[in-house]
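The first chain written gets the first letter, and so on, giving A, B, C, D and E; residue counts start at 1 in each chain.
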Amino acid sequence: MYLEIKDLTVLYDRAMVLNGVSLTVGKGEFVSLVGPNGAGKTTLLRAIAGLVKWEKDTLKGTRAGRITLEGSVKFDGEEVTNLPAHEIARRGLILCPERGRPFREMTVLDNLRAGAFGCKDKKVVSRNLERVYHLFPRLKEREKQISGTLSGGERFMLTIGRAMMSQPKLFMIDEPSVGLAPKVKEDLFARVKEIYEQGSTILMTEQDVSFAFDLAGRNYVISKGHLVGEGTAKDLLADESLRKTYLGL
Amino acid sequence: MGSYLYRLYRGFQGEILAVPGRVIALIFVTLLFLLPHIIPHPLVLKIFSLAALFAIFAASWDFLSGFTGQLNLGHALFFGVSAYSAALLNVHLGVPPWATIPIGAIAGVIAGLLVGIPALRLRGFYLALVTLAFPIILIGVIFVFPDITGGELGLFGVDRLSGSRVLDYYIILLVATASILVMWKLTDGRSKIVRTGVILHAIREDEITARASGINTVRYKLMVFSISGFFAGVAGGLYAHYIRIAGPSILELFFSFQPIIWTIFGGIVTIYGAVAGVFILYPLVELVRLHPVGEIYRIVLMVLILIVVLLFMPQGITRWVRDHIEEICPRCKLINIRTRRYCRACRAPLRAEK
Amino acid sequence: MVEAILINGLVLGGMYAVLAVGFALVFGVAKILNMAHTAFYMVGAYLILIMSIMLGFPSLPSIVLAIAIMGITGRVIYKLFLDRVKEHPVAVMIISVGVAILFQEVLLIGFGGHFRGIDPFIHGFVEIGGIRAAYQQVIAIVTSLLALVAIRLLLSKTQVGNAIRAVAEDREIANVMGIDVSRICVITMGISAVLAAVAGAVVAPVFMVHPLMWLHPLTIVLAAVVLGGLGSIKGSILGAFILGFAETAVIFLVPMGAFLRGAVGLSVMVVVLLLRPEGLFGVVFEEERL
Amino acid sequence: MAAPFLEVENLCKHFGELRAVDGASFHVGQDEMVGLIGPNGAGKTTLMRLITGILKPTSGTVRFKGEDITGQDTAKIVNKGIAPTFQVVKPFRHLPVGANVMVSCLCPRAKRRGDWVKTVELRARDALEFCGIADLALEPASVVSHGDLKRLEVARAIATEPELLLLDEPFGGLSPAETELMGKFLRRLHRGGRFGRLHSEGPAMVIVEHKLSDLMKIVDRVIVLSFGQIIVEGTPDEVVRNKEVIEAYIGKEVSSLVS
Amino acid sequence: PPVVEEVPTIRIGIIGPMKFTVGEHTWWGAQMAADEINAAGGVNVGGVMHQIELFKADSNELLSVVDAVSAMERLITVDEVDFVIGGARTEAVLAKQEVMADHGVIFINVGSAHPEQCMRLAADYERYRYFFRGAAVVNSRYLGKMIFALVDMVAGEIRQELGIETPKVAIMMEKAVWTDPIVAAAQAKLPKMGMEVVGVWRPSPIAADVTAELTAIKDAGAHIIMTAYLGPVGVTASRQWGELEIPAAKVGINTDAQSKRHWVATGGKVEWEVTFNFIGPVEITPKTIPFYTRFLERFGDFPYYSAGVYDSIYLLKEAIERAGTLETYAVIDELKKTDFLGVGGRVVFTGIDSPYPHDLVWGPGYITGLGIQWRDGELVVVWPDGRAVLGDKAWEGIRFEGTVDYKLPPWMVEFWKGRQ
């Protein structure tokens, strides 16, 4: 398995956020992660990306730093559980965070260049830049704008574009469609599909279940920190209780 | 009557005795009040008088910068303005201390407003630098009018607070206790009586959101500046009458850093942390001085303690200790002593069980 | 008179600019409020003093060595003291104040609170229209401009520069981009400590060397950086020159009030900030204006 | 059409070259629920910010209940009865969720409208319950998930007892079930009445949203903004079928939007 | 075995900013005096020889006045000293006077020269009578007079050497209360002395750069820079003056220039500067040269504050011996009668009816102070030069053995010679 997560448990102080989650993503797979608000989707992605550990380290000595992180994350056959977040990112496990968090005081272009931090080859960088601009022409228009002044939707575009700049091997996208106009959203999913078809592996959380199920080959349903379902869209939709309780369909 | 007393006792037992932090505070305050009877040495009284006075000063910084996030790097201004006003009135006009200190505090309020009004448009480091500039500018002004201000000599020959050392100590201690209680109440976010606490927190967290919630942040910020100025002013007035000189040294950069150092060391955004910071660091350094070697290395020692403590307890010593002796109930958020297994109110388990 | 103000202001501003440029990187851009920055300048000056005067090394090697040592010191200080608490900005501030005081005390105990001096690169002065400026002061101006160009190139043209800004904005996200936050901060501190040591070599010979010499420049560099606007190197340099001109103007226009130069310089800063709350070149989001 | 309630006249906001809002004029009636849609960067958020005084307009006027409120201080406007939410959530991160809402309950307007001393906690709680996050009341906002923060935004806004609610993407990040629930709640709030101790006089609403299918179910009228200008105004049905709108904004799929 | 009754020591507290030059010198001077006295058997109090025991307290007063007050309190209440000697920053000394008065302990101030400290005695003698101005320290009122004498000497040289009849004077004194009257007096008096004042510059005592002031002074065509510095600005001023070769003779008070370190600190740029000093390598009294050389040998620096401390301890010893007791008021009474020939001159205190009680009598035949000039790394004494001072004949003939003639800076001579 490309990404293999075993018994991942995250406790913030004493609040159990993830409770023994195990999941796998195969190379070249498109997996989606769905579930109600507060289920722990974001936390799961953050834990994989090493951000939970980072949080724990940086907040050492304070109440907020009392975080328990157990379980193991294996990526491409290697244990990455205890690697620092930037190391994980360097191996190609890239997280595109939710709510669009650009580096506010930097221009759009500088944001994108920051995304290409690990990439030494100038040609590759400019090729990736082309790709991002192709996907979001709006960003090219706004190349010189300070990204803190972008509109909400533009910010999401930038965040996704920035993550794409770092040439993810395994791309974790947290709720890519929030705040995007329907047309752009459509476009985005087409692009994500393109990226996927070009050989990336994708793990995506998404509220818009129908979209997610359309795209993904396999889906996980998570609720209150537990995995409650797994399978293809068809399987999941067939399960009446799952559909009602967790998917709201 | 009897039942009332009983209820009072139950409240005391439930609200104070059950929470270790509060018990420690209670013991500490009691000890302070008994100090002249336990150790009647004049030097000790002097050290603790000054500590109590600086505690007001540090707490007033925490009130302004900790709670409202208005980072003030020139807090000495309020202290200095008040000390100078009190000294001026006392030296030139012979006004007695019981009047000069309140008037000095009012002067602190005015200084607070004078800084607060321009500060309304500024935030973060920009605000910090503007506040830092004010006391330095004031030193310049003081040197321009040496006839009134005494220039580098300061205003000397200020009256003594009272006739006796012990009385001085009690006056300062009482004023300090009262001031700190008031500040603590004003900032208590959970208080059901005074609601300013939660608003101050809100302004610190996000001023724009506070405005969008209909809070007139301008008014509150000015209020905070003036209250902080008031209490720093109280400390300044006491200082003038205790040291009996108000000189430019109390406006220097380092004097502004001191309350910040104490507060951060003790624990920011707590008020009591500022107090604890002063009462730990200040006497410690002074007592180390008694030894000739300690005298040389006292500041090195203080700084090392400061750094080490902050490295391991980045939020300050009291907050670290609090986190280690108290447990907040995950359900009802009530404070419990660490040794309990279930919350004293809602009986929820305090420890996670797998 | 006017040319005297211009030349002297330039000379003073140049020295302030050399002091400020390293701070502009570490505080202005990387947003690490390292109050020990001017203490680094002081230690740099002392290192040069120890090596060139006490140990009798020739001056150039001692300067180079001092700069190298400071580069390492800056990194070590960051690693030891600041890295752990980088999420708590006030703790960073106070710890760095602590570090500065520590330097001050160690120097006081070790060398006493005496005034000392280090030799300029070249003794003597140039005379322009009857106005004299020491060679060392001219060197300061040139150094500040060189440093300005170098840092701007670093920030705009290199990945590390981009990463420094990214880290300053959002450490968490920087991590996800594969940026090693600690390493970037260490590099930043290293560069800024080097620049502080350069200031020690360039500025200290004009001023003087003693264990409290860090306090006065601290206000200057803070004021210069904030005046120029956080995030902007050229703003900081401009801020330094503005302070220099303001102070010089005071001396020439009201010689009796020459002692007010610092106060006037800071007042100029206050006024500018009241008119432009984000400093001269700072970034502001209009919806967040207060 | 009822008496003029919110009137926006020729409002412009230019950021240098960029005309984010370019001469927008519209009005909202006292009993209306209006949807505001448009492509990304069309100027919707900017328009909302102009109304609430967070941004000062380049030109144009905003009138609320006949009074000119253009460019007034946000707090003042909120106290007149207009409550905004933010698209990018901005909670008081270190305060409990309950206290987040309590701050709104403490604003002069809310105080005037209630016996605040005794019930401020309870009323904050009602607002939370209304948005379905009462169980998080004691948790600090920094630990709350994104979707719940969106709901907190709405709770914070309604706690000021507004007459006009300006909601910027209230459904953003909500799961389908919760979106539906929230939509229903908004509808109910709009109709007015009693919810626990919370009394609603039925505020008018302007909702910015990209989740068209959910939006169209609840609004009476839709305004479409593109490049800072209002291009179409009409009922949901009309708008969704409008060619211009489809081209600029919706893309291909239409049928699924209208029930 | 016979019971040996232990003789208690005389406890003297030495207070000062010990990490700084002032405090260091205070301590050195005290050590030297105490060691000598103890080696000679001690102090004879009513027939019993007492040893002197020194207690060192770091007042840190340059940084914190509160620290100074605590240090004073500690000396008195913990170390239980009988006398306190020391003091540097005026603000701190004034605060320490209060502690002194509260406890009634004799306090001899050797570092700060401000007249206010003695004027307080005139206002409230009861309370502050424990205070004495230490030996060799000159009340800053008299300092002013001395500067005029020095300027007059320099002006004479300029007239003679350069042929400039009315030399132009730039007044450049740090902004402080103690210099304010000097500045005012200079503006009034210099024209009467045949000089022209071209401007007054008042840098801050802690200014780190005075290039602009020096430029302006040169611009104004000054021949003399009349200075008064206690603060660090003195170092910068010397250094930059020498570096820029400002063509005006620098004369006045520059306390830091009294130390040997100043030469190194300024890289020798202080050469040709003239400053007031308490003591120098001339025979003020027969004790001076031996003390000077012993001190230089032992501590590697020229004595300055230290001379005052040294003398103060000796005159305290004499007062105690005369009183025959350590009782405070008896010692005060004897101190008042002091007429002591120390290393810095003849020490006599002013009476209680003077506007400055317990201050030092200054003038010919008493403490005079010296004018010293830096030449080639050495301090030479150039004043008193045996001439009348501003018409005061009493000074005529006062010229200590070893005094040399004043010389103008060579670059200055060169600059003005070319213009004449």
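Quick note on the criterion: contacts are C-beta pairs under 8 Å (C-beta built on N, C-alpha and C of every residue); 3 or more make two chains touch, one makes a residue touch a chain.
Everything numeric in this text was worked out from a predicted model, so none of it was measured.
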| item | value |
| --- | --- |
| Joint neighbours of subunit D and subunit B, given as chain labels | A, C |
| Greatest separation from subunit D - chain, by CA centre | E |
| For subunit A paired with subunit D, centre-to-centre distance based on mean C-alpha positions, whole Å | 29 |
| Distance between chain centroids, defined by C-alpha means - subunit A, subunit C (Å) | 41 |
| Centroid distance [mean C-alpha coordinates] between subunit E and subunit D, Å | 76 |
| Contacts with two or more other chains, residues of subunit A listed in rising order | 15, 60, 149 |
| Residues of subunit B touching at least two other chains | 143, 208, 217, 254, 296, 314-315 |
| Per-residue overlap in subunit E, given as positions that touch at least 2 other chains | 19, 63, 175, 204-205 |
| Every chain pair in contact, whichever chains are involved | A-B, A-C, A-D, B-C, B-D, B-E, C-D, C-E |
| Subunit E-touching residues of subunit B, taken from the complex the two chains share | 41-43, 46-47, 50, 143, 146, 150-154, 156-157, 243-245, 247-250, 254-255, 286, 289-290, 292, 295-296 |
| Residue ranges of subunit D in contact with subunit B within the complex | 52, 54, 73-76, 78-79, 83-86, 90-96, 99-100, 102-104, 106-110, 120-121, 138, 156-157, 159-160 |
| Touching residues (chain side subunit A, partner subunit D) in the complex | 12, 15, 34-39, 42, 64, 98-100, 138, 149-155, 157, 175, 178-187, 207-209, 247-249 |
| Residues on subunit E engaged by subunit B in the complex (per definition of touch) | 18-19, 56-58, 63-66, 69-71, 73-74, 77-78, 90-92, 94-95, 97-98, 114, 116, 120, 123, 175-178, 180, 204-205 |
| Contacting residues of subunit A [partner subunit B, same complex] | 11, 13-16, 60-63 |
